[in-house]
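Here the chain labels run A, B and C in written order, and each chain numbers its own residues starting at 1.
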């Protein structure tokens, strides 16, 4: 691992990292594979080791529209943590993906049994995944690269 | 009584240049190449800017996006009367140019180290010269990471260039906010690419240019990942009229950005950008 | 050169007349204080008779009134509405012109009109410092303002020490007066007493010395020199205002989020009068004009105020949208970040911004209030007066 990375597993305290990986098995998914669709049952989740996955929303007339991508080192899926345990976005591989796959029900049960590990995992998901994606979504809501035509002489079209 | 500073160099009036090439980058952005009609201005360095004058409409600050001999290349987005005029000039059209102004990127700070370049939107323009300079002297620097964020695939600047940079040894990652049906790459904010850049925070100098909010978020993220604040350089923007430190418009607290910027290190910029409406 | 050196001489009123005539005769445009529209303004004068003999001023925050003096003194008044930047850094100036040629090229010409050679009569010590500050702003740095430098280089400066500070004056706090500092060609101190109406004069430059030698004068007597020194010393004790005796730059840095800004901006009209009256405020905007043929363009530069909402803007809108941020910019720049940019304060203690503020906002009162708020926040309780 490179020091500048902030991988999902790296963010977990080492003792809980081992605990979580105890539930994992390795999977390989070919490119352009639908992993799950909107509203499907969220019974698994993944930590990507390589490859790229697109999260999408189906829009009638346009088909699946990609809202964000998830890359290696990141967690794919958190709807399995909350009732009703259904995905609110779809996921599809862009390239071949190599990942750790987890059984959601087993991990949930283990979190209940071992609250310290459960809390550590929950905190990491809240910060690294839910929080990060919320910040990212809010930033994109600002449409920063968009274009306001009202002013110039100092605009980024200028210096920059 | 002599009040002129000994090294003072008058920056008026503009030098006549001519548009020799113009290419459309995106729906509202064009790149123009300028050549001096008679004598060239002093050489520009990456990150510096020129005040470019469109006849009868006025001048605006434009960073150089390519420096090739006496030729200056600028990328202009049409947002007002002056930029719209400049972006629509055909080859042969006259313009006036003043400069070079500002601090420019401190590439020497990266000697022997890795470079991490993060560009958002039009922010790639002033970073392009830096990428070129780094690729020309590979023996002087370590790895070159280039992260680019844009609104949509159609808003990406410099088609073909990222491929050339990759072929020259750079790692280039591109992400967009709004993909189209043909986009196969990343979707999301540019900070989302940091994880995959694969940089060693102790051996990296970062160069950022883009919207202020994007640069703030990126610089904070990089500092959290362990890059020293004085190894993060940002290109800031404020209104500019004179380019010479005399008009007062570009103040950011203690800085006159046309003189003390536009490139400012994060250790200097962070407390200033934290004050609202400074 | 100081008072009492052999180079000191004494001029009488005729000598002052002769000085103005001599400077005008040398081809200079002589600018001095004169009474116009119930104020002491700066204007071109052709004789000593136009000086405001017998006029003083009554100053307060938002208040300016002429009052007659029985002693007939010419320079017993403090700063009026204008300052010397009106001449050295004019309100509006053409910088260059551009013409489209028949072959489609652009011909650009720098403004070549010859700026006048000025002689300034009656530059107060605070204003002399203000000129030195603008010298650094406009004449220093990597790019000099060549037209400013040309006007400045030619200007002949006759400074007059202050013996009658106004109620809004605080040059002692800023270290700029009432005694004259360096930078003058001639310095005068006015003395009116039983010994007559006279001016202790000394040269500060070779040119000043040469001009002085051509005037009818007598060597300075001990009594005139001593009286002059005493009058200036006494003036130092009669300042109407003070700044807090703290590092103002640090005070500004440390109070950017003070409550006091809300208080002052509840009163501030953001009219920008303070920036126009200030002898060091230098900000400008440029505008381009074309003639009807569309083939001739001109670049003009005019004074601008940081109180204008569009003074700084990005694509999304004005950076300093709130009046609070604009007043804060003005004050923190003037006595704070000016140090970072130009190695000195931007305030000379002339008090013009206090006098010409339509609602009487007082820069010294604001600085004291910020200092008090900071002290209270620190719990130190030590408030400098």
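The working rule: a contact is a pair of C-beta atoms (placed from the backbone, for glycine too) under 8 Å apart; a residue touches a chain by one contact, two chains touch by 3 or more.
Chains and their UniProt names: B = FAD/NAD(P)-binding protein; C = 4Fe-4S dicluster domain-containing protein.
No experiment lies behind these values; they were computed from the predicted model shown.
When chain centres are set by their Cα atoms, the one at the greatest distance from chain B (FAD/NAD(P)-binding protein) is C.
At the centre of the protein atoms shown, by the Cα-centroid criterion, sits B.
Measuring from the averaged C-alpha position of chain A to that of chain C gives a distance of 63 Å. Centre-to-centre spacing of chain B (FAD/NAD(P)-binding protein) and chain C amounts to 39 Å, using the average Cα coordinate of each chain.
Here the spacing of chain A and chain B (FAD/NAD(P)-binding protein), counted between their Cα centres, is 32 Å.
Among the residues of chain C, those touching two or more other chains are numbered 312-315. Looking at chain B (FAD/NAD(P)-binding protein), one finds that residues 58, 79, 237-239, 241, 249-250 touch two or more other chains.
Shared interface positions of chain A, defined as residues touching 2 or more other chains, are 147-148, 150-152, 154-157. Contact residues on chain C toward chain B (FAD/NAD(P)-binding protein) in their complex (touch as defined above): 95-96, 98, 100, 104-110, 135, 137-146, 149, 152-153, 155, 183, 205, 256-257, 282-288, 290, 294, 297, 299, 301, 304, 306, 311-315, 319-322, 324-325, 329, 332-333, 337, 340-341. Listed in rising order, the residues of chain B (FAD/NAD(P)-binding protein) touching chain C in the complex are 1-5, 7-16, 18, 37, 53, 55-59, 79, 92-96, 212, 237-239, 241-251, 253-256, 259-260, 275-278. The part of chain B (FAD/NAD(P)-binding protein) that touches chain A in the complex is made up of residues 28-29, 49, 58, 60-63, 76-83, 102, 120-123, 125-126, 149-151, 155, 175, 177, 179, 181, 183-189, 191-192, 194-202, 204, 209-211, 213-214, 217, 224-227, 235-241, 249-250, 257, 262. Every residue of chain A that touches chain B (FAD/NAD(P)-binding protein) in the complex is listed here, in rising order: 2-7, 52, 54, 63, 65-69, 71-74, 94, 135-136, 139-140, 142-160.
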